[in-house]
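What follows is a set of structures to go through.
In the two assemblies presented below, chain A is common to both, partnered first by chain B and then by chain C.
Showing the complex of A and B:
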């Protein structure tokens, strides 16, 4: 009993942990397929792929990805070679100096990225001036500075990875190669480098990822070449759209596929080794999977994922959410009209029963509530314009369910001021929010 | 023996800071010899090997290979090949690639390399193992691959750094014979490093016995065993009973030693020490366990030791009899197993006779601690 309780709580904890870990990613991924122009999961409106096409039509994002990849490759080459040199030095340096050397070479990891960014900028600017070069010289090029700046600390990460492998290297192998007539360069190329290859691959992946996600160093050095992180940060400043969710989703999918491919590959090698070691024939029975898949769950998942991606991409090419979106719009319009009429009737009833009161006193608690917003619509531009004649106005915006009101919707910015408050029904102090024309303007 | 390339060490000193690893070594190794450096660990024998192979520059003196001074010539330019203690096979290369590595360096085509590797694999009796990785071979097979790899480079001198130390006893004994056979077949100079006197004695044409950076004696196995020059050599190579005492009388090549606890002992003075001993000097007499023979208890002469039997150890081919002489002096005697038993004589005092030629006298000195 106690045992099963313990087990249950462990499962519960694990579920909680993974929800905490993966929940945000899942929600972000789902919002990429929902049609509202603000990323949200509920209410689910229409399945759409328009945010992906919006993403791929966004010049700045594409340019950011391009720059990030260029910087990534530059950083990989520079950091891995510097890391390897540093690691070799560490194993060959005079033992008494080793601790000091290690501290020095590890220090960039401990220094804040912001400091590294600023100092890279200042340092190379000085060098640039010292050499008497102009502002458009290579040394002040954004790509060059970003690669140099990121490599200062990414090289240290690479070195740590490489040192771990290098410590298992038997220097006797190099000596044996020399003894058999190899030059030092040949011994390095034919013996040490092949030995280091797995660690170099890990270091390269690590360096690329670290470079790709870096913001705080890059923000000082990018110059005319903003990377993806810089572009995202700048975009989010002006409002977030599900296109960014779509980008996040693509990155998540690529990461998962790469991890699965790697896992499948490792497993395949293990199986091959096991098959070599024991030449026992496998007992055949039931469905025989292809050699690549048998006994390799990672490979199976990988294949399933790949099939899923292809299916989704195929669907996306033919699927059009236009019908669904217009349905939803129509539905909203009808709902809104219904509400308007309801309210109008209410007011008329009230005016008849209490003719002496001119001011419509509406109790917020009794008003029909369809507002999902956590901010009660305070950010709605309409509220800003007209809200000062009645505090009740924002509460009664019927179709506004966004967490931020319509503030991030560019449509609001342009259409809202155009709606004149001089409507016949508009004496009530509700602004123009109930006007169906406003909706049309917003959704387009 | 074919005339291979000889190696000469001239006044060789190797220092690491204040520590002297090799002190004034002078060795002349004939071409085609199987030459061993024998000594306890840390005596500098590996250092000598590294100086010959070129991984270490001597502090003083010269290394000559084939009469040519090797000063300033790197390990990859010397006509030597070294077999490392841990073999240092390249773990990521297949066996045949390992063997043909020296040809790869010279730019030979894969076909040529494979052909040569297969020849060598035949020689070491691993014909169909070429496509395996070294990690898939057994210890003895790896050993042979390492030898083949070294031989593929066609060195004039093959250097072996305790290559058998990692193997188990049976395999070690088998590999001894095999190494000796390979050496005789290829006819090149082998320089062999070991701390195992059995290996050195069975395989070598000549042996240099080293102690703390100093070469004590160079000679054939028989010379080193039968006619040691120092107490260290006498006690390190094989087992020995030592009797300390003072020289009481010198007569030609023989000396009468007044031992501390075992009376007067007559012994032959070892060749290198003849003429160096004076009456009254501290001396040592070494008598091998197998040099003793049982004698009647009544016997009395100057080549006799009396002791009480304390223990008997049956070794199969021989009995090891442990005895205690006057003053607790421990003596070990080895008697061939001819079906007799000594159990009934436990506690009895018996006389041990020896041939004067088999007892070696020399000035007292430091002995091996092992």
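Showing the complex of A and C:
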């Protein structure tokens, strides 16, 4: 009883934990397909792919990707080679110095990225001045500084990965090669490097990913070459759009696919090893699923995912959300109109009961203050979303402008404060006149 | 030629040996030591236009540090309350985030480390995937969730817990959640690595002797996992104290993170020496804090990064 309770609570905790970990990514991915221009999941309006095309037309993002890739390759080459040299040195340095040396080369992981960026910038600026070079010299080039700054700490990661493998290396192999007449360079290239290859590959992947997502260091060093992360940060800080969600979705999908491919590959090797361990005959013979797929759940999921991606991309090419979007607009327009009609009817009833108050006694310029809720609606959280209906109504149905124009009627203004605008829907039609989206909508 | 160099070159061959030496020297001296020293040196200098650098005005001064403690010259306040306040808030918040992450991650790391089976690999994969996504995008995802019209507010309002949308961003809840979120993995993996190598028999022996689960953890697991815990805590603390992206994206309009002040000195005000001084203060105080805590808990520096 107690055991099952414990087990249940563990699973509950795990579920919560992974919801915290993966939930934001899922929600962000979903917002990439929703049509409102502010990334949101609720209310769901229309399935749309327009944010993806918006993303691919963004010059700055594309340029950022290009710079990121250049920086990434530079960082991989520099940090893997420095990491390898550092790891080899760690095995050979005197034991007395080893602890100090290890502390120094591990320190960049712990130094805040901001500090690394600043120190790189300051130091190379000084070198540049010492050499008497101008501001446009190679040493103050954004790409160079970024690669140098990032390699400082990424090389430490590489070193850790490489040292783990190097500890299992038998130095006798190199000695045997040297005894057999190989030069040191040959022994290094033909014996040590092949042994280290898996670790070098994973260090390179790690270095590329770390470089690709680095922000803290790069933000001080990028100069005239903003990387993708820098561009994203600028965009996110000054106004967010679902196009960023679209990019995030692409990255998430690529990551998942890569992880699954890696998993499938490992599993395939395990299966092959297991098969070799038993008898060869059972493996070769008869028609069966491709070896790649049999008994390999990761591979099956991978193939399914790939098929899903292709299907979605295929639908995206033909699917058009225009119908749905116009439906939603139409629906909102009808709602707005209904409210306006109601408002007008109420006003008329009021006019009949109290004819005196219809005089435009209140100066229109003062009404905004008195009509608190009406203008407050601009700042209400829902205003941006609902603002659409105010924007679209005049465009699609210009002949309906009389109903809408009633809002601007001075008589209407005087009565508006009297009729308590109970619901926000009502006021937002009014407030959306001042909504920035209105401007965008009418210019279409 | 000194004998150690000769021996080194003999062991590795002249060509590879020299290349190795050059790379290591470039990394250790040219990328790690000299830039840090140069930043410290720079922080003691006045902010001068380029032509005057190296001139008679270019002398060592404590003005930049003075500015952090006492504020600009001639100001009425005794201390620079704004910057000092941000500094201490950053440190305290980073400590809280570290503790929160430790409490959150320890059970997961223990479970992953002590359970065998195929699903563990799937879980590990699920842990790694968020870490491969860009830091900016992760902060962006949380901003979508915590926004005024975000998923969380919609949910809470529709459930009737709040009648008004709660401003998570202005109240810095989004920031703390984002910082905790960003570095979860760096807490889990060091602890997981250590606990994985803990012999299960030790736990079972403790249980056979009648220890409660709380006692098992306190007496057996935690002492064993101490290197992992300390290295995880160090990384999370240093990274969240030095974080820049999450505070920029998730921070409220009126609250600052210390790195944001440094960023402003560099990019908005163009006062590099001042920014460098602030960076030195951040670096030195973080390192001192970490070393003190490690001394308190009797952990070695060499355990970090294992």
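Basically, the second predicted complex is superposed on the first by the 336 of 444 C-alpha atoms of A that agree within 3 Å, B and C clash if a C-alpha of one lies under 4 Å from a C-alpha of the other, contacts with A are read in each partner's own complex, and residues count from 1 in each chain.
Keep in mind that, in the parts below, contacts are C-beta pairs under 8 Å (C-beta built on N, C-alpha and C of every residue); 3 or more make two chains touch, one makes a residue touch a chain.
Note that the structure is a prediction, hence the values are computed from the model and not measured.
Participant: Answer with clash or fit: chain B and chain C placed together on chain A by superposition.
Facilitator: fit
Participant: Identify the partner contact of A:172: answer first if only chain B is touched, second if only chain C is, both if each is, neither if none is.
Facilitator: first
Participant: Regarding the shared-chain residue A:180, is it in contact with chain B (first), chain C (second), both, or neither?
Facilitator: Touch partner of A:180: chain B, not chain C.
Participant: Touching A:271, do we find chain B (first), chain C (second), both, or neither?
Facilitator: neither
Participant: One more residue to check, A:123. First (chain B), second (chain C), both or neither?
Facilitator: Second partner only.
Participant: Determine, under the contact definition given at the top, whether A:257 touches first (chain B), second (chain C), both, or neither.
Facilitator: neither
Participant: Give the label of whichever partner, chain B or chain C, reaches more residues of chain A.
Facilitator: Counting residues of chain A touched by each partner, the higher count goes to C.
Participant: Thinking of the overlay built on chain A, is A:108 touched by chain B (first), by chain C (second), by both, or by neither?
Facilitator: Second partner only.
Participant: Looking at A:195, would you say it contacts chain B, chain C, both, or neither? Reply first, second, both or neither.
Facilitator: Touch status of A:195: first partner only.
Participant: Looking at the overlay, what does A:340 touch: chain B (first), chain C (second), both, or neither?
Facilitator: Touch partners of A:340: none, neither chain B nor chain C.
Participant: Working from the superposed arrangement, determine the closest approach of chain B to chain C, counting only CA atoms, in whole Å.
Facilitator: In the combined three-chain model, chain B comes within 9 Å of chain C at the C-alpha level.
Participant: Can you pull the chain A residues that chain B and chain C both touch?
Facilitator: 183
Participant: So in the complex, the part of chain A that touches chain B is made up of which residues?
Facilitator: 170, 172-173, 175-183, 186, 190-191, 194-195
Participant: Report the residues of chain B in contact with chain A in the complex, numbered from low to high.
Facilitator: 53, 55, 74-77, 80-82, 84, 86, 88-92, 101-102, 104-106, 149-150, 153
Participant: Quick one: which bits of chain A touch chain C in the complex? Just the residue numbers, please.
Facilitator: Per the stated touch rule, the residues are 10, 13-14, 17-18, 20-25, 27-28, 31, 38-42, 81-82, 85-86, 88-89, 92, 94, 99, 101-116, 118-124, 126, 129, 148, 151-152, 155-156, 160, 183-185, 187-188, 209, 212-213, 215-216, 219-220, 228-229, 232-233, 236-237, 240, 244-245, 247-248, 251-252, 255-256, 259, 263, 381-382, 384-385.
Participant: If we count contacts the way the header does, which residues on chain C are in touch with chain A in the complex?
Facilitator: So the residues of chain C in touch with chain A come to 4, 8, 11-17, 19-21, 23-24, 26-28, 31-36, 38-39, 42, 50, 53-54, 104, 107-108, 111, 121, 123, 125-130, 132-145, 147-151, 153-154, 165, 181, 184, 234-235, 238-239, 241-245, 248-249, 259, 262-263, 266, 272, 275-276, 279, 282-283, 286-287, 290, 301-302, 304-305.
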